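Just dropping this structure here.
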Amino acid sequence: MRLSPIGCAAVTTTLLLATAACGGREEAGTGATTAAGQCSGQQTTGITDTSIKLGGIYPLSGPASAYGDIPKGIKAYFDYVNAEKGGIGGRKVEFVVRDDGYQPPKAVEEARRLVEQEQVFALFQTLGTPSTTATWDYANQRKVPQIFVATGASKWGTDTAHPWTIGWQPNYVSEARVYAQYLKQERPDAKVAVLYQNDDFGKDLFEGFKRAIDGSGITVAAEQSYEVSDPSVDPQMRNLAESGADVFLNVTTPKFGSQALAADARNRTWNPLHIVNNVSSSITVLKPVGFENVQGVVSAAYYKDPNDPQWKNDPEMMLYFEKMRQYAPGANPAVPYFAFGWAVAASFHKAMEAVKCPTREGLRDAVRSLDNVQVGMLLPGVTMTTGADDGFPIESMQLMRFKGERWELFGEVIDTRKEFGPLTN
Amino acid sequence: MSTDSFLTISDLSAGYGDARVLHGVNLSVGRGEICAILGPNGAGKTTLLRALSGAVWTRGSVRLDGAGLARRSPDAIARRGVAHVPEGRGTFMPLTVEENLRLGAFTRRGRGEVEADLDRIHGYFPVLKTRLRQVAGSLSGGEQQMLAIGRALMSRPRLLLLDEPSLGLAPLVTRELFRIVRTINEQERTTVVVVEQNAHLALDIAQQAHVLESGRIVLSGSADEIRADEQVAQSYLGYRV
Amino acid sequence: MAGFLQQLVEGLGAGAVYASLALALVLIYQFTGIVNFAQGEMAMFSTYIAWQFTVAGLPFWLALVLTLAVSFAGGMLIERIVIRPVEGAPELTVVIVTVGLFIFVNAAAGWIWTFLIKDFPNPFPGGAVEAGGLSVGYSTLGVLAVVAVVMGLLYLLFQHTKVGLGMRAVAANPDSARLVGIRVGWMLALGWGLAATVGAVSGILVAPLLFLEPNMMGGVLIYAFAAATLGGFDSPAGAVAGGLTVGVAETLAGAYVGFIGSDLKVGVPLAIILFVLLLRPQGLFGRAVVERV
Amino acid sequence: MRGPAEVTDGPARTDAPARGRALARSITPVRRRWIAVAVLLAVACSLPFQLVPFRVFQFTMVMVYAVALLGLNLLVGHAGQISLGHGAFFAVGAYAAAIMLDRWDLPYPLTLPIAAAVAFVLGLALGLPAVRLRGLYLALVTLAIAIFLVPLLKRFESVTGGSMGLTLAKPAPPAWTGLAEDQWLYFLTLAVTVLAFLLAHGLLRSRVGRALHAVRDNEAAAEVMGVRLPFYKTLAFAWSAMFAGAAGCVYTWVIGFVSPDSFVVTLSITLLAGIVVGGLGSFSGPLLGGLFVMFVPSISQDINDAAPGVIFGLLIIVVMYVAPTGLAGLAGRVARSTENILRKE
């Protein structure tokens, strides 16, 4: 019974024909259901009268694991709503979290798993620009809502080919505009030194800033980038200090944010106005540097920092602390990632309450027609608004300055859309 | 055989991995004797020594002065007084000559004794004394062989295993080396098992000898008996009786 | 000129940090021929232990001593439990085991202490020595001094103690070391323990500068590799010299070579390594390995 | 799936032991290998018709990794050189394909040979200095290349899209096939994989393969025997880079998105771990390694949701304990012992 290559091919073909004849695969849409009545024909996969299934993709392993805390805040919120409020509109929320290790191919795999195997109603948060970019074509082809993605890239709002994908947090370009606006008022001829992370996030914010100061007296005196794999940004900080700039824009993620703040504090010959971006403005970033070293630092915020004593008696914050202790007992509620998760989950709650049809199409339309929706964990005056020509749910931020042991908000809430006009590509 | 058997090997098999090299070797060596192991290449001579010092797997029994050695680790056997000068001399190349010698005394305590032993070794091998600070790797082949034997003696061994001490040495140097081995044996009553290609030399200093072929002992006897054996003479001594 | 000297000093400070981890890498490589990918993560874990001690209220120096002791024991334990079972396996298998250890320790640290950054007490005062326009931070001086002291202690250990001699014998010729009665297994475990201790020192030096979090040592490890390659993987003194060279080269290139800029400065140690290896494949201080047919 | 199972289990389950033994003996190792390949191919061809698209995608990625590991196997397993930078060649292939698709609108089948060729040439260029290095030092130089590639890709933004990366349309299935997109991508990848395995097989049986083995087993002796060492070492490096580049190209087809941060050092280290875990120098090593790289991280998360890395790290260590020569070696051991049991029966 010697098998030649030809024989091998013959066997293969036979088997192939046999399998093709007897078994087709389960069609991709098995389990896919549609609604009747007024919402007829719309997809109801993953949602029933008593349940909603959502899927999120976060880095739980690898170098970006810090963000793995966000889904814990979300889960705590949903657990609370499920147990005490009977779910969202009577529907208990199930939130499935998958790990992509911040790797795009893994994100694609997990998105497919969530949609095809877990049969989720929607992808609720994919974290990071690369992972979201790798998955949004798929989500939109499958017509699965990919909502409130955890990245501030501006393309989620400006793109028109992916109606099923939408962001949540203020985009990095808008944030840059807030800082530019502040400088135009305070230091109209500022010379700015910029430290930025050499990836989509840092580039987006830095480019946005450059565009926003175009035509003003403000100039970029020096720029330095770093890679996430760098051990330290100290060399970059030394080079920036030599520029003699009078403003320092710190566009970093937490660890590097602390390093840059510490380097600025150590250098007693260079004392610029220090603006740290929102990502690194958490108390948990400032505290290791020492509060005495970060006095007068400026940043912008849109949600409440649980470490900030001014929210001590805020009802939403009190609820947050109480329910976090109850539903996420091991977690420290002071970690701002938990609060972020709480805020975004609450935002989903509001959006879900506004849907006309409890379908995927209904959710897509609801998150694209938010009208001044208030969410307790967002700063007073910061609301969610979207529309046919507005794909950015949150576009308002408020400036704040560090004083004593907390941030002090100052000035009005800046609605960047009103202030600078809508963001376009 | 000798009346007072110091090293007793019974039914010893040994090898590497799946390959068995020794097949049930029996022999005994008297206290203070020099025993030569002869045989063709690949007969298992080196494996026999490695089996004695625990570097290969073994089956059977090895007793040194009544105490079992088989299936102990090499370092444990070394601590029981067996010094093995391996094929290729086992020099610690990057270390100095003095450090090599001191390593021989690694298992011993008592600083004074070690210093005295260093002097004793210098007595046997004066050339080493002039090179104490030199890196051992820079020594010539003969000097390295002296160093290896000196290192072995530093442990005050009860049993000295020498593997091909003449390998790669000039005839004059070899002769000198064997003379010293004889002296050591006489002065310190150290029992010696020597594996040697050069059967003449080995038989000159040995009291008894064994011929190993394909992992089995094929001939045993006193050095003179072996020398007189026609077969051995033909195969290993290069002449007919 | 003062600016140049200042950059030089800063480079030396960064280099000392790389050198300390490179030293730990070299210690293990010398004895086992294994590049321990988990070295940086082990150092990070040790640093967390030290942090835990200080948070519990122990004075810094006591916490340091305890941490070094725990790290030493931990290093030996890792050798006994994790590395020993694959001792006879191909070298690459052992290397991959250390990769597994890397992933494990990193994730475990995040699991136990979260990924939030922690501030670690700086054992050195904050000021700086000012001289002729040059300002040398006490912490830079401190790091350099600690690395020098560690080097000195290692030198004493290896050159002037019996254990050190035994360890060097194992590194030079493990088979022969066995034949003179050295317990090679224990010496290897001792080597791992020692490397873990030196690594702990490295982590504790790094933590006040970079802030403590589970990925703290990832970037440092790359530079430590470069340092060890440059100095020769079998030479502790070379590792230190290599570390300082890499630190200075990286800093100067980032500051003065316009085209390179801060984003490509990681290419500088790469270029150095490549250049050195092409001229001297065994590293600056390493011994040539001659393979016989 | 029933068919293949019967073929493999047939001799074991037969009621007449004597006939079973005779049959077992009549199947020589060569024949057994052909049968195994045939079965594997048959299963591979039927998979996309049996599984949901998500699983089809997973197996597509397994093959992508397997092709990359095939290259690494050539270098590490057959030539005995260690590379910690194969993620870089993978990235070069991926980017070459992406740039061709994005900037020049080349038809995608053309991108495969070109991307492979680019990686080959780059491997040749980097292989020249690598000739002088060995073991550890080569590993570190290749590691440095992998690290350096990321900022380099970001620097040349006009070509590579910078840190934002490039997004591309995936190859669409031709209408006549009647296949869905995931199935079409799967078969494209399968074709490339089969091609790659045939090529590697041919390479190893050629003069080049024999020379490589000589280099691995004893470099100095090989040189004495007249093997032109620098030439073959460089060639091994280049071939190996080529396979990684081809894998990268297919990756671009399948994922439709490349960005510098997708190809960080971890990818290179994962690939090396994959081939060692899979089994160096064996035919099935790359496939098993691909399965490991693809599935074990998800399994880790299923075991420990809070810290998947803890489980993943442990699993790597455990596999190396159980199978120090890789999963392929373990599979071989299991097969041999089963066979022995059959014979004795």
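A few comments on the model shown:
Note that the chains are named A, B, C and D in the order they appear, and that numbering of residues resets to 1 at the start of each chain.
In this text, a residue touches a chain if its C-beta (ideal position, glycine included) is under 8 Å from a C-beta of that chain, and two chains touch if they have at least 3 such contacts.
Remember, it's a predicted structure, so these values are computed and weren't measured experimentally.
Minimum number of contact steps separating subunit B from subunit D: 2. Averaging Cα atoms per chain gives one point for each, and the point farthest from that of subunit D is the centre of B. Ranking A-D and A-C by contacting C-beta pairs places A-D first. Chain geometry summary: the mean Cα position of subunit A and that of subunit C are 37 Å apart. Note: centroid distance subunit B to subunit C, computed from Cα atoms, is 43 Å. Centroids built from CA atoms put subunit B at 74 Å from subunit A. Multi-chain contact residues of subunit C (touching two or more other chains) are listed as 103, 107, 110, 222, 263, 266.
Taken residue by residue, subunit D touches two or more other chains at 147, 151, 154, 265, 306-309, 312, whereas all remaining positions touch fewer. In summary, the structure contains touching chain pairs A-C, A-D, B-C, C-D. On the side of subunit D, the complex with subunit C involves touching residues 76, 82, 129, 132-134, 136-137, 139-141, 143-145, 147-148, 151-152, 154-155, 218-221, 224, 265, 269, 272-273, 276-277, 280, 306-310, 312-317, 320-321, 324-325. Every residue of subunit B that touches subunit C in the complex is listed here, in rising order: 53, 55, 73-75, 78-79, 83-84, 86, 90-95, 99, 102-104, 106-107, 151, 155.
Interface residues of subunit C facing subunit B in the complex, by the touch rule stated above, are 162, 165-166, 168-169, 172-173, 175-184, 287. Across the interface of their complex, subunit C is touched by residues 61, 63, 65-66, 68-69, 198, 224-227, 229-232, 234-236, 238-239, 242, 254-255, 258-259, 262, 266, 284-285, 287-290, 332, 335 of subunit A.
Residues 3, 7, 10, 14, 17, 103, 107, 110, 114-119, 126, 137, 206, 209-211, 213-216, 218-220, 222-223, 250-251, 254-255, 261-263, 265-266 of subunit C are the ones touching subunit A in the complex.
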